[in-house]
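Consider the two complexes below, in which chain A is the common component and chain B and chain C are the respective partners.
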Partner chain A sequence: MHLVHFAAARALASSAVFLFITVLLMATAKRISTCIVLFSAQCAIITAEILAMAYVHKSPEAYAVAALVLIVKVLAIPYALFRIVKNLQAPGDITASTTAAQSVFIAAGLILLSFFAVEPYSETLRVDTDMLAAAIALVLSGAFLMVSRKKALAQVIGLLVLENGIFLAALTTTFGMPLVVEIGIFFDLLMGVFLMGLFVFRIRDTFEHLDVSKLRRLRG
Partner chain B sequence: MIWLNVAQALLLVAIAPLVRGVIARLKARIQNRRGASVWRPYADLAKLFRKEDLTPPSASIVFRFAPMIVFAATVTAAAFVPVVHGSALLGATGDFILLVYLLALSRFFLSLGAMDGGSSFGGMGASREALVSALAEVPLLLGLVAVAILARTATLAGIVQWTVRQDFTQISAVHALAFAALALVAIAETGRIPVDNPTTHLELTMIHEAMVLEYSGPSLALIEWASAVKLSVLLALLIAVFAPWGMAGGVSVPALALATLAFLLKVFVLALAIAVVESSIAKLRMYLVPDFLGVASALAILAVVFTALMR
Partner chain C sequence: MTLLFPLLVPLLGAAMMLVCRRPAAAVRVALAFGALEVLAIGNAVWRIRAAGVLPAGRYLRADGLTSFFLINTGLIFALVLVYSVGYLRHIAEGRFSSPRWFYGLMFLFLFTIMAVYLSSNLGLLWIFVEATTLASALLVGFYNTEGAVEAGWKYLIVCTVGIAFALFGTIVLYLAAVRGGVDPRSALDWAVLMSAAPNLRGAQDLLKLAFVFVAIGYGTKIGFVPMHSWLPDAHAEAPSPISAMLSAVLLNCALYALLRFDAITSRAIGSGFSHTLLLLFGGLSVVVAGFLMIVQRDLKRLLAYSSIEHMGIAALGIGLGGAFGLYGALLHAFNHSIAKSLLFFTAGHVRENFGTLRMERIRGMGRALPWSSGALVIGSLAIVGLPPFGLFVSEFLILTEAFSQARYAVAVLLLAALSLVFGALLYHFQRMLAGDPESAPAGPRLPAADFAVMGVCAACLFVLGLHIPGAFSSALRAAVAVLQ
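This part shows the complex of A and B:
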């Protein structure tokens, strides 16, 4: 029991660091498959954090949420994305408009920005500064991944990272939403990924590539 | 105390070829080859020391003395790194900045010697080395600065003694980022894949091998040994700054034996990591190397900024 308590405390204290590392790695990643694995790892970190919170606050609902995150985000969505990548038979690179070094610099800047952004609120909300900053950093860098990546699938992953950030912000500020709402969000997300997958296939079939910077034919 | 510090610096110099041999052997095993004996680098050095030292007719005195300065500077750098206990031979006389620039001095003279050799390959290798080392200097210094700010001391021995007192389950963002930056720098500085391929001898993109093409005999042996020592110095630096737990607290035979064993084990783990990375990824194009080191710089800068944010 002592060991579980220790592990929970450590998971809460160091998960922000690991989330920053996944964000920075995503900024450097050159292939879609790397991004998907990193997204899965990011969700696994969040799962560990929810488990630790559930243990510390003795909340059975949080265990259910952790199980949902594990099934939907760590396993189902990466699996679906890998299936899409395999069936698309398109080149697996992400073609970013910034180089890896520039991306890391920008992601690092966004992490710093989120620290300064949450500083005034962490006092009044009485939440952990690191966790809230990690949540805001995920939102910002998810948005950054969406605007800097040219391939449609990489932008989908950016959106998923952004969603992770919103989820984490809700978790740290209000200790999660009611379970029913949470389940609704997860199914929304799953449907969203399937819809985006279909959309990606349509882009490929219509334009024969996934590079959204070349989608100019729609102009009237 | 002094004999112990001499012994640990000599240990670092003596095991350097073995580390290379172990990495080569591990790589061979991963790639389903049998591989040469781990002691082969020693045999290579012994063979080279017995051979004749040839100098190109166009070369000046710089060509003759460069290998000795390279070796001397690298071995001096080895005397700064705590290996088995929390102090080093020259630990009190200089800080980590001196260590970084001793390695830079060795690189500078290696490049000079390469250009003095007169072959076009030497000049190409020297200019590439200058590019890589200029870009690698920033993350190497800043990564160490970040840890030094946390430890509130600039000497390596002080940083090590501070880190040993910390709880190793407390993963701080600063340490994670600085470690990532320094690991990338160590790869670039020692000319491993993906920056340079240490096993190639005839490739247009080679860096280190292009510089030493004109050297032969004892001079080549000194340069090769120095580059092996540099690898083990950087590995020992990573171990000392980020994972020094297991170092001997006092001077007693069992504690020192245990510390030596722990050190060798950690070096083996790092060697295994290098072998896995080198077997699984391809060498970068030369134009992508600045990008690789740019990532390291970004991580190092972030580590320094985080020292102010996360206490």
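This part shows the complex of A and C:
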């Protein structure tokens, strides 16, 4: 048993590194389907993390949350996004406004920045600094993906990454919120992705392209 | 049970819309459920008035503040529902633009708003504020034109990202409460947090961090500058009844969420920090919206910027606090919702008769549409804050508070912005009203139902301008007492 406990603690410590890798890979990804797979992988890492925490703290609620993350974020949302990509029959590139190299540099910079940002709080909060930094890095890079990607679906993935960051922040600082609240947040997320999917189809039908940077009619 | 009815009726109404295939039947069922909902809200308000605080189970709770906003929502929703019956007749039948869809989504929208007001838990509050965006995004994109789809997408993305910040703020507040010794199971409950607030003084940094994120998050939904980018598009592209719902109900709903957080933060670490932030957002909104109103060309965009300005004024009132500040701010939010509904209803008529909302193409409205012009004049006189209308009273209260606290900078800023807005609206509206109609059809008569709706708005504004009825005043004072 001691060994499992040790492994769980190690998993917690090293998962931050895996999260950073998914962020950096997402910054370089050229195709929307790559981004979806990376998002799914990112959520799988978070699931593993919640399981490790649930084991260490012996909390049945955390197991339920882990199951929810697995079903909603690792499976359902990526599946829905793949369906949308398939039905759109549009070219699957993301059309970034920065090159892949620039994106990686910016993402790496954001990771460094988030380490600096959590520095002053690490003592008062008594939490794992790496994990909190990973959470802030996800929020920042999600926001970066949203502003630098032009295709509607790529923006949705940016939003999901940002939301992952906030979820992770809650997980590391307070060990999650009450279960009812978590379930509600997942429901909102699912409905949000569904609606955004609906709007993606409407954008294609009314504008005949998916480049949201060309939606410029409403100004001022 | 009292608190469950206002939640269940709109849900049932939305479900019924799935059954009603014929448009005429859908309209009748919608009116019936609307009447039922108004009764349910009235009942809840009556019970809250007698009991003070009405807890119901673990997740529902209603107090004086809830009751005040319920009165506001009930009134505006009833007006919007009656107005929408006439409005929908002119919409071409489409796959997703039938009355069925319209009322189904509107009842869902109402459900989420009622749930925001009735939840006792700040986590649930966040969930339902996010749900209001989801429920209304399709209504914003209802026309399915290029503009409507763009506005709907922008609304969905900007508000979801904004609200995500509020979730982060809520989490930080939860963290502060748990560290301060509150039981984790009830550490998101507003009443528990309110009574535990004085013990949270130690977590000052966390509380400040939480309030900044919450103010940015819910501020996006309220339409504070610089997070307001979604608001003019959504208001301009939505059908007019929905524009009225957004401006008069949704913005107040987000303001309510921010008020709840402000109360906790103020009690824990003093009001200095949170109120300064609100004054900052409020001042910025008032000034920027005032300048942008001068250059607008679309009537509904102009009205949308005016909403930003008035939410800024309410934020200034809350930020000033004191004897009249909060009272004035709540009264102002109420007055603004009535005046802005009147103006959006009028804008619906203008669009219907002139076929456009571009103000430079609208000439001679005074002759072509005498009744709508009357409503436009009354609405605009009220919205710029002239006596004898309600907004004069609430703006005067806020200004009085600013002067009595010797915050001359705030008072001068507010007065300057108000004169700017006065000039902008006068300039735009006199050009629309005067002259000879070029392309306008011979003005059809105003339908009786619309006449009644606009009459009720005007009468409310007039009455609130002359004197605040005793029962309403006590409801307002009860709402203020909850927050102090």
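Going forward, the second predicted complex is superposed on the first by the 213 of 220 C-alpha atoms of A that agree within 3 Å, B and C clash if a C-alpha of one lies under 4 Å from a C-alpha of the other, contacts with A are read in each partner's own complex, and residues count from 1 in each chain.
One rule holds for everything that comes next: a contact is a pair of C-beta atoms (placed from the backbone, for glycine too) under 8 Å apart; a residue touches a chain by one contact, two chains touch by 3 or more.
None of these values were measured; they are calculated from a predicted model.
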| item | value |
| --- | --- |
| Partner chain in contact with A:95 - chain B first, chain C second, else both or neither | neither |
| Of chain B and chain C, the chain that contacts the larger number of chain A residues | C |
| Contacts of A:24 with chain B and chain C, given as first, second, both or neither | first |
| Touching partner for A:34 - first (chain B), second (chain C), both, neither | neither |
| Contacts of A:112 with chain B and chain C, given as first, second, both or neither | first |
| Shared chain A surface residues [contacts with chain B and with chain C] | none |
| Chain A - residues contacting chain C, complex | 121, 124-125, 139, 143, 146, 152, 155, 159, 162-163, 166, 169-170, 173-174, 177-178, 180-181, 184-185, 187-188, 191-192, 195-196, 198-199, 202-203, 206-207, 212, 215, 217-218, 220 |
| In the complex with chain A, residue positions of chain C that touch it | 59, 121, 123-124, 126-127, 130-131, 134, 137-138, 141, 144-147, 149-154, 156-157, 160-161, 164, 167-168, 171-172, 174-175, 178, 184-185, 188, 205, 232-233, 236-237, 292, 295-296 |
| Contact set on chain A toward chain B in their complex | 6, 10, 13-14, 16-17, 20-21, 24, 28, 99-102, 104-105, 108, 111-112, 115, 130 |
| Touching residues (chain side chain B, partner chain A) in the complex | 169-173, 176-177, 180, 290-295, 297-299, 301-302, 305, 309-310 |
